[in-house]
Amino acid sequence: MTKGRMEAFSDGVLAIIITIMVLEIKVPHTAELSALKSLIPVLLSYILSFIYIGIYWNNHHHMLHATTRINGGILWANLHLLFWLSLVPFVTGWMGENHFASITMVFYGIVLLMAGIAYVILQNLIIAKNGKESTLSRAVGNDWKGKISPVLYVLGIASAFIHEALSGMFYVVVAIIWLIPDKRIEKVVED
Amino acid sequence: MTKGRMEAFSDGVLAIIITIMVLEIKVPHTAELSALKSLIPVLLSYILSFIYIGIYWNNHHHMLHATTRINGGILWANLHLLFWLSLVPFVTGWMGENHFASITMVFYGIVLLMAGIAYVILQNLIIAKNGKESTLSRAVGNDWKGKISPVLYVLGIASAFIHEALSGMFYVVVAIIWLIPDKRIEKVVED
Amino acid sequence: MTKGRMEAFSDGVLAIIITIMVLEIKVPHTAELSALKSLIPVLLSYILSFIYIGIYWNNHHHMLHATTRINGGILWANLHLLFWLSLVPFVTGWMGENHFASITMVFYGIVLLMAGIAYVILQNLIIAKNGKESTLSRAVGNDWKGKISPVLYVLGIASAFIHEALSGMFYVVVAIIWLIPDKRIEKVVED
Amino acid sequence: MTKGRMEAFSDGVLAIIITIMVLEIKVPHTAELSALKSLIPVLLSYILSFIYIGIYWNNHHHMLHATTRINGGILWANLHLLFWLSLVPFVTGWMGENHFASITMVFYGIVLLMAGIAYVILQNLIIAKNGKESTLSRAVGNDWKGKISPVLYVLGIASAFIHEALSGMFYVVVAIIWLIPDKRIEKVVED
């Protein structure tokens, strides 16, 4: 089975997710700077989620590039990942509109955590299908990023009950960790 | 005629359908758990329809993978299928917003039934074009899933007049039946 | 210059146009049949426009399939066509929401007419680039459909001032004329 | 690393951006010409932004066509460009709805300026990766368009404080400059 259409479909869904988030930044009906100022939390939450979806697209791109064989289970694991990512515009909008209130930070973290878990499931299924000696398997290696991310998400969720800023800090840290392109996969792939 | 652009266009439409459904989950203006609670039926209907569109994409993927030749009639049969699927976000939103009221369950079932019929028409046209001895024809085989689904849809529509939960159960059962990846096609294709 | 990305981009835009139209069918807040009944004109206008966009995608597919060379002018002629088609959801929604009022029928016809002209411009540029002896040039032939369509659009626009139904009839006739797949191109291409 | 998926993802995002802008042209609830008249500024701002996104797609197409190698940094520079372009529907809608008020013209210019800068960064990274002797490097040449555009954007932003029409003029001039297809790249590529 070829991976081409799975890539095309994922690209389509991710492109739509990243773009419809901008629809949450409602056009103000007045032409005043103050109207724009009240949109700053919405814009900030948009930027954070844009980076997260960008990271997922980037890693998804690298992962599938190093993949040669897929099957029905992988297609569904991929849809499972896309499901959680499709909820990102919702939690992003909720968080932005309510100025990062605790409860919205909790659900933002939950969606990120579930997407992270879905990604790991997808990765494991692909490695299982392509073999321990596959390019991807060697590229993923010990995967410290994948291991530390859920811990940070849980800390972000828990700390939202103490202070919103603390929670936000954890989500920003995960984004920064992943923003650095995965040199391991990149290097192995380019060999 | 190549099937490439038909796949690309279908992927695009299905990716958009699956993603814009999330726009029906309106961002609450308050940061309270109760606001989220009232969205649970909307979320449940979203999950069900996400799985349905996922199933269609999955089967569409397998079907076209086993296809070599298409023609104008097939292009239109494909558009006919996409038309019914494009109504899924509407009936999903209507069903979710009105907490699975009978009348909304009826129309949800009708759209699913019509999409199912459209899929069978498309499949038959493709088999007719590619020959009885084609990979697809052998893969589809006796197609019990395709035969039982319309029956279950009709039962779902009819039972909506008795009780909503009964109707919903039929729609969930069809989803579960199809969720199991089509081993037949997969196997034949991989040979 | 390859035509691949122009096809991909056009597919994307057409897929989005055909799908976002469904967003104009606003989900009713009540679960009553009467709520659905008032949506019938919106649904009818959606079906007509769905068929029109389907026709454009179909013909666009055939035209580019028979094309080997493109250039900057063709890219812009293509964007020009997509611009007019991007206004289809707007005029469709306006027409549907106002129950096919005369003035909305006039603007629906104008957008269709402009899209038709844009298509002819694109076709001529492609033929000019690919030569009189190209597959496309032979396939298009005397192009009676392309010649009669603008006449029917103008009749549709003019008759909207007399009666809406008369105007609608002209738009339906054009759709039917084109719904029949272009055997000429299909035949030449398959040779 | 292949450029295919980066092209596909960019095509998807640009196709969505160019199309969702049309959603800002809200369907009037009355069937009167006056209702349409009040939409003229929205339509004009839509046309301008449609051309801008069209230019970006066109140049992006040419640039990547002349590219052979990409890396992680290029993927992120591309996402950075798409981020600024994703804000175009927002500033377009704001500008249109408020009849080109000064403050909206300022932010429209800022988003265009940032997108322009993001494009130059992307171009430089691609040239650095592909070498000074690459097709793209020769094609870009002295790049007077890329150099004059930011100057005109800044003039457009500054002059918005004097008169809106003056500001708009600058933005239209940049669009006209770029509307002329990049003969240099086109020529080099076709060689």
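Letters A, B, C and D mark the chains as written, and numbering starts fresh at 1 in each.
In this text, a contact is a pair of C-beta atoms (placed from the backbone, for glycine too) under 8 Å apart; a residue touches a chain by one contact, two chains touch by 3 or more.
The chain lineup, named per UniProt: A, B, C, D = TMEM175 family protein.
Here the structure is a predicted model, which means the values were calculated and not measured.
The most distant chain from chain A is C, comparing centres defined as mean Cα coordinates.
Look at the contact of chain B with chain C and you find different residues on each copy: under half of the numbers used there are shared. The distance from the centre of chain A to the centre of chain C, with each centre set as the mean of the Cα atoms, comes to 37 Å.
Centroids built from CA atoms put chain D at 26 Å from chain A.
Within chain A, contacts with two or more other chains are made by residues 8, 12, 15-16, 20, 23.
Across the complex, chain B meets chain C through its residues 1-2, 5-6, 8-9, 12-13, 15-17, 20, 23-24, 71-73, 75-76, 79, 82-83, 86-87, 89-90, 93-94, 97-98, 101-104, 107. Listed in rising order, the residues of chain A touching chain D in the complex are 7-8, 11-12, 14-16, 18-20, 22-23, 25, 27-33, 36, 47, 50, 54, 57-58, 61, 65, 179, 181-183, 186, 189-190.
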